[in-house]
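There are two complexes below, and they share chain A, which is joined by chain B in the first and by chain C in the second.
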Partner chain A sequence: MTLQEIIKGLNLEVITGGDNLNLEVKDGYTSDLLSDVMANAQPACLWITLQTHVNIVAVAKLKDLAGIIIVNGRQPDKETRQKAQEENLPLLLSKETAFQVSGRLYQLLGKGK
Partner chain B sequence: MKVLRTFKADLHIHTCLSPCGELSMSPRNIILRAVEEKIDILGICDHNSAENVPALLAIAKTYPVTIFPGMEITSQEEIHILGLFDNLEAVLQLQEEVYHHLPGENDEEAFGLQVVVNEQGEVLRFNPRLLIGACNLSLNQIVDLIHSFKGLAIASHIDRESFSLISQLGFIPSDIILDALEISPSISYYQALNRFAPHLPLVSFSDAHRPEEIGQSFTRFLIQEASLTEIRLALRNQQGRRIIH
Partner chain C sequence: MNRHDEFIQTFTILGRDFSRAGSVSTEIKEILQEIGVPSSIIRRVAIASYEAEMNVVMYAQKGELTLTLNPETIKIEVEDEGQGIEDIELAMQEGYSTATEEMREMGFGAGMGLPNIKKNAHIFIITSSPGVGTYLKMIFYLDEERAA
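Moving on, here comes the complex of A and B:
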């Protein structure tokens, strides 16, 4: 499923990386510990977190993630937006909780069938 | 002119005010243990509060120990950051800012008692705030606040798997203006150098929550006197002041 379809399905707000949405998303990863994401997230997955520090962009690039969904209506820091812009990384916002977003993405991707 | 000499510092000590600190962490017990361990400087850093600092300052007057008033603040990223000062007013100003941004009430059953005491160890009150919680200030905002009150900002126990700069943010942000990084007693200076290749000075303190943990880990500074200014010079390796590893 493409990132574009997921954005539509989950009603996400696109902050940055708007011209990089044709990526194929294979999986999701939900965590707020960046050390854990660095150790365990797989490439091309969409990362769900409430962290907004600029380091999230570097971790996403390092792990070749498809993008980041920031949950709970949190707003990314200014440096985070700038860095994501520079890296053309899709930074997406949701007003829902990590549990809700994860559950819906899990369904959208047809997991657990 | 005073000569440089070695000062032994353990700048990360909790008291009975921290919900996770033992009740035996009374001001007198802390000072007595520090004297026993030949510690010259103690940093008093309870979680998100400095209400036991006055008692420590009062009792330390009659002992050969210098107290640095401080706090261990939890950022919104859930990173622990030490703020250390050379006077009570500064830490109380910081405490006011932190309280303003710290939501929630303590549940004593779940987290423990938060005891404010006087220098005799008598209970003055119980702090009702959720001191174990995170305040809604970012890491950078907290570091800026500490510096605005002329304090030192040190990231706590960066080698730990929870509440540390590295566990929460994956790596040390290159633009961060911390004065030092603290490692816990469970890792040596050389192990930490290898693991983190830090661009900031490394210090080691005990993070004591029980009297017997005080001095379990410490840092030696070559400085003129037990002041924050001298420690700052040592962290920057200036004017002959330095950390002795």
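Moving on, here comes the complex of A and C:
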């Protein structure tokens, strides 16, 4: 499923990376621990987190993630937006909790079938 | 003594510089991609170099990372000036961390950094002098079959 379809399905707000939305998303990974994401997130997955500071962009780039969904209606730091913009990394916002977003993405991607 | 078929590059890492943290690892990943290193190896190197870089940012004043490439191996050495590690065995335990509250709020301090380096490097050596600094050496074999 493309990132564009997921954005529609989950009603996400696109902050940066708007020209990178045809990417095929394979999976999701939900965590607020950067080492955990480094160790366990798979390439082309969407990262669901409440972290908003600039270090999340480097983690996403190093792991070839499809993008980041920041949950709970949190706003990314200015530095984070700038860096994500530079890297053309999709930075997406949701007002829902990590639990809700993860559950809905799980269903959208047809996992657990 | 440099081999004629070796490429060596050194990068500086500044302690406490959280806004540029990860940039050295990102640069290394780009170099490896450019020369066509298999993505499975790049993934290993990215994890290990990021964790080593972050440890300098979090626990040292400054450090130097040296990347050495030859046709068989990728070598990454990180030497820092900083507080050093009193008990390396303890530091290597999964979950052990002395990260501050502020660092933990940012998602650091899972205590997985050194264990992740060990898991991903084919060879990992760490030595430290408390009050002086820490030295890490990681080696990755380009031919994973041979490494196994």
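Quick notes
Note that the second predicted complex is superposed on the first by the 113 of 113 C-alpha atoms of A that agree within 3 Å, B and C clash if a C-alpha of one lies under 4 Å from a C-alpha of the other, contacts with A are read in each partner's own complex, and residues count from 1 in each chain.
In the analysis below, a residue touches a chain if its C-beta (ideal position, glycine included) is under 8 Å from a C-beta of that chain, and two chains touch if they have at least 3 such contacts.
Note that the coordinates shown come from a computational prediction; the quantities given were computed from them, not determined experimentally.
When both complexes are overlaid on chain A, chain B and chain C end up clashing with each other. When the two structures are aligned on the shared chain, A:53 is found in touch with chain B and with chain C.
Set against each other, chain B and chain C touch different numbers of residues in chain A, with C touching more.
By the touch criterion defined above, A:34 reaches both chain B and chain C.
When the two complexes are overlaid on their common chain A, residue A:61 makes contact with chain C while staying clear of chain B. Clashing C-alpha atoms with chain C after superposition occur in a single stretch of chain B, namely 169-177 (options considered: 169-177, 205-213 or 223-231).
32-35, 38, 51, 53-55, 58-59, 79 are the residues of chain A that lie in the contact sets of both chain B and chain C, per the superposition on chain A.
Put simply, chain A touches chain C in their complex at residues 32-36, 38-39, 43, 49, 51, 53-56, 58-59, 61-63, 79.
Of all residues in chain B, only 77-78, 138-140, 161, 166-171, 173, 175 touch chain A in the complex they form.
If you check the complex, the residues on chain A that touch chain B are 32-35, 37-38, 51-55, 58-59, 77, 79.
Those residues of chain C that touch chain A in the complex are listed here as 18-19, 21-23, 25-26, 29, 43, 46-47, 50-51, 54, 106-108, 110-113, 116, 119.
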